[in-house]
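Alright, structures below, take your time with them.
In the two complexes that follow, subunit A is the common piece, with subunit B as its partner first and subunit C second.
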Partner chain A sequence: MRPLIPIAIVAALPALPFVNNYILAATVRALIFIALGQAWNIVAGIGGQLSLGHGVFLGLGCYVTGILFNELGVPPWIGVWAGVLVSLAVALVMGSMTLRMRGVFFALATVAVSLAFDQLARHYVDLTGGDNGLALKFLGNSLWAMQSRWPGPFVYAGLVFMILYYWITRIILASRFGLEMRAVRDDEIAAAAAGVRVFRTKLLGFLVSAAMTALAGGLYMQFYQAIDPESAFGLGQAIQLQLPALIGGLGTAWGPIIGGALMIVLSEATNWGATRFGFIGVDILVYGLVLLIVVLWAPQGIVGVLWKGRRR
Partner chain B sequence: MTALAVANLTVSYGDVVAVRDVSFAFDAGEVFVLLGANGAGKTSILRCISGLVPARSGTTVSGERSLNGLSPHEVARAGISHVPEGRRIFPNLSVEENLTVSFIPRGSDRGTVLAAVYKLFPRLAERRRQFGGTLSGGEQQMLAIGRALMNSPALLMLDEPSLGLSPVLADLVFERLAAINAQGTTILLVEQNATCLELATHGVILQNGRVLLAGDRAALQDSDFVRRAYLGI
Partner chain C sequence: MSGIETALVPVGQALLSGVLVGGVYGLLSIGFSLAFGVMRIVNFAHGDLVMYGMYAGVVSATFGIDPLYAIPFSFLLMALLGAAQYQLVYRRFVGFATLQQLLAAIGLGLVLQMLAQVVFGADTRSAPSMFGGQYLLIGPLFVSAAQVMAFVVAVIATIAVEALLLGTHWGRTVRAVADDIEAAELVGLSSQFINITAFALACGLAGIAGTIMVTYYPTDPSKGLSLMPIAIIATTIGGLGSIRGSFLGGIFCGMVQQLTAMLWNSALQDVPLYVLLLFFIAYRPTGMFGFRTE
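Moving on, here comes the complex of A and B:
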């Protein structure tokens, strides 16, 4: 069945102009969610380092792309790579400081870094727009500025991200580097005794994951046209980034895709129900419930349940 | 040639001293045993040699090379493998991945070393695709030893490989260790099970972090400590 999925996607692409914008926009949200989830999955799912600070890299991808565009007219095609570089630099410093800590201490340290960036974004109002956030100057349909009134182009871009990140995950899983990350995830001391350079492996995984998050942040910025401190560095976003992999299946290449798609379907359905019946925020409640169910009954995620006994 | 020389080693965790001024040395090709009860400091000595805990004072030298201050992966790359206490295999890696991850190239390619490990432990070959966590205790111990051998070590250090195994399985493990030693690998064996003395060339008996007695197999087997352990007097 699995080889049919990409074929079905490609076959459906020419029908895109006939699909209504609401469905297209929801699809883009899902694809962005999936790409960000796949990026987080590298460091947390494969590497076992539960980062709660990946909003930092999402935020840097968004803010750097947006600021360069608004202030200097740098097109996002180039600006996003600046965002990736800044994220790599921040990840290098952040990782060097935090990755020697174990488990929950690492997670808490990454929360602290997120809070610091939250304050920075709120403080430098001239550059970031402060609490109100940063909105892109809208030029209408423009390939150069990566802007479009119609969500269609973002579906294509999101699909490219999904396939590329899936492919990167598969390559990492099949590589020596991926094997060492998984060994570190299982047992750091045994990995060190087996000759694995534990800290270097963790740092490398963190850098790859940060760069992928910032790159997907570029797509996020172009689609939403705006970013604010809460959406970038808030704890809500940090948790949101983990859901696709947690629900779909940690450390698997399919997990974030299945988890991300499911979360958007759930969130759209509950949003519809919420506006219709007047329950605001019911989607968050449903997220929480789904997460609780997964943690309690299916810690391997949906992929783990579906493909029981089979290896990934 | 001296395989390993430990001199005046002291290891402490905060204020708690686990190993006090311990010295011993052995030659290449030997099976050297560190025998002692729980809390005698055996594990700390191995962990210190491996670079997992720092020495407070004293030196560890392998051949001509000082191991002091090396990190664990550097010790592994220097040809010293450590089978840690409690086996610590990777539960979510397959048997073959458990072995592959600790392969360090030293002349032979991975397939050759892997085949040699499977020949020594045919059970692992049968279960190569199974997750490490699904193995029985005895199989996990074989996997832990096999994993250490993937490093093609000159010195193999084992921390209580018989712990938690039935006497039959423990004998099997000791028999395999004898075979590994016969192929030229020096062994440093930590045990509280005095049966392992059958294998030993030399060894020391440790108590409360100090050397109680050092000698060859006959001297150790003849000691009060071992008599008491055997006869319960």
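Moving on, here comes the complex of A and C:
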């Protein structure tokens, strides 16, 4: 029952009188990055494959949804599934080319693929808006176009994503597939010797993760109303996709939720500091430091520190 | 000149510029490759050391000293910085290119990049050497003297590293540790000392690469990150861990880049490289020359 209390608090936020749009928007950002972090956690946390290119799937989810809406009037409810399909196709090509090798090659390849998409998105200006990015045509409050002037509805959409993705992660962790992924993560050779089809397991985990990222990308696009090459394919975004799981605890279902909420608090605080002290890029510095601290001193994340010795 | 020659001049020009640019790509890749080959460390912060090497050139130019003279200091400074990095961060990851190690390197790179921004500001800076603005004519082709100089330095540095690894006692111990760290310790080698010196050498090479590069290529704090893809692709194509392979891989990358810029589009000059990387990983992970079988 305990998990229901925070959910109820978040769900009640839009109705409370003292909660302004700033708090609501920050809540939505947290929920979106919890969902994105949960998706990355599948391939990296449970599967042990370091994808530095999950921005590709976020970007494809955003761009495909946005382009279909702007050019053809396809509502995001349908458009986002096209984004998911495109992401799955890209992940299939990437995964089948690189996942047979050791993890390093996969990590290096994901960097290259996101940079390739970055250059393409900047170049094909007619389709993507180039460096300036792509802004959704704004129709005002509309359920059909999934648009709203007020962040309230997005809180509920984000909550749906958070609960759904948490539930998916729990199911995967409890399943044979999840066990196989963790076996591959811990020791590929031993897993193969025990009869796990290593390549297939890695590829399947990558596909699930890519599809989840693209789907959450649809929500990202509707909330932010715009996407540009840097926030889709840049390294800064790639790290924002990883931090929730890393801070909270790799490979756990609770990790990305705790970590995502903390990351948004951290990023709001640093943005406040950046405008106050006129130091652009302080958020990147803080992300770098957090990455180092977590990896060097708390590789199990907050969940690992808090729940030491308990079943996770 | 006949028609066919006129058509070939731009191709020759692109290939020549590609080789010259590629030599420096090769130099910045061999350091990256060395750290991986010896210690299995994927140093995503390698590009940031190149960036600091570029700023070493900028600083010396502001004092009125030609950046070319700053090369030895740049090498020493980056080697020291590399040794410090190794002690603080990478020591615990030697031998396993784990997810944690890659993430630590990325975090370190971001911190180094932002420190550069605090110290040097976010503006683009350049530091032309005594060869700045001079061009040489070779038949119908012309090349920048600064790039020729950079290429020469890159070749010398690469040969020196190869000679160091193949011809000296220290080089033999490095190769022994790279082959089998436990066996090397059993015969009395200190892997700790060998690793830290090898890592310092790798970082010092990044410093040289940066300082010669800034004589013709302006820098800013994000340059380090933007050079990493080239290092990654050059080492994968040339063979991760192989010195001469990475150098040749760098030259290959430079040629592909310049040809793409000429034949297709300069804004998309790196896209074929990214595609090539995927194909190499899928079908020839030992690299073009197969110098390393792993």
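Quick note on the criterion: the second predicted complex is superposed on the first by the 296 of 312 C-alpha atoms of A that agree within 3 Å, B and C clash if a C-alpha of one lies under 4 Å from a C-alpha of the other, contacts with A are read in each partner's own complex, and residues count from 1 in each chain.
We adopt the following convention: a contact is a pair of C-beta atoms (placed from the backbone, for glycine too) under 8 Å apart; a residue touches a chain by one contact, two chains touch by 3 or more.
Everything numeric in this text was worked out from a predicted model, so none of it was measured.
Using the contact criterion defined above for the overlaid structures, shared-chain residue A:Leu179 touches subunit B, although it does not reach subunit C. In the superposition on chain A, A:Leu36 contacts neither subunit B nor subunit C.
Residue contacts after overlaying the shared chain place A:Gly103 against subunit C, while subunit B stays out of touching range.
Residue contacts after overlaying the shared chain place A:Asp187 against subunit B, while subunit C stays out of touching range. Of the two partner chains, subunit C is the only one that A:Leu285 touches; subunit B does not reach it.
Ranked by how many residues of subunit A each touches, subunit B and subunit C are led by C. Contact with neither subunit B nor subunit C is seen for A:Ile247 once the two complexes are overlaid on the shared chain. Of the two partner chains, subunit B is the only one that A:Arg197 touches; subunit C does not reach it. Residue contacts after overlaying the shared chain place A:Ile239 against subunit C, while subunit B stays out of touching range. Applying the stated contact rule after C-alpha superposition, one finds that A:Leu120 touches subunit C and leaves subunit B untouched. In the superposition on chain A, the residues of subunit A contacted by subunit B and by subunit C do not overlap at all.
For subunit C in complex with subunit A, the residues that touch the partner chain are 36, 42, 89, 92, 97-100, 102-104, 106-111, 113-115, 117-118, 122, 225, 228-229, 232-233, 236, 240, 265, 267-268, 270-271, 273-275, 277-279, 281-282, 285.
Note for the complex: subunit A touches subunit B at residues 179-180, 182-183, 185-187, 189-198, 311.
Contacts from subunit B toward subunit A in the complex involve residues 50-52, 71-73, 76-77, 81-82, 84, 88-94, 97, 100-102, 104, 129, 147, 150-151. Subunit A makes touch with subunit C in their complex at residues 44, 48, 50, 52, 94, 96-98, 100-105, 107-109, 111-113, 115-116, 119-120, 122-123, 235, 239, 242, 246, 279-282, 284-285, 287-292, 295-296, 299.
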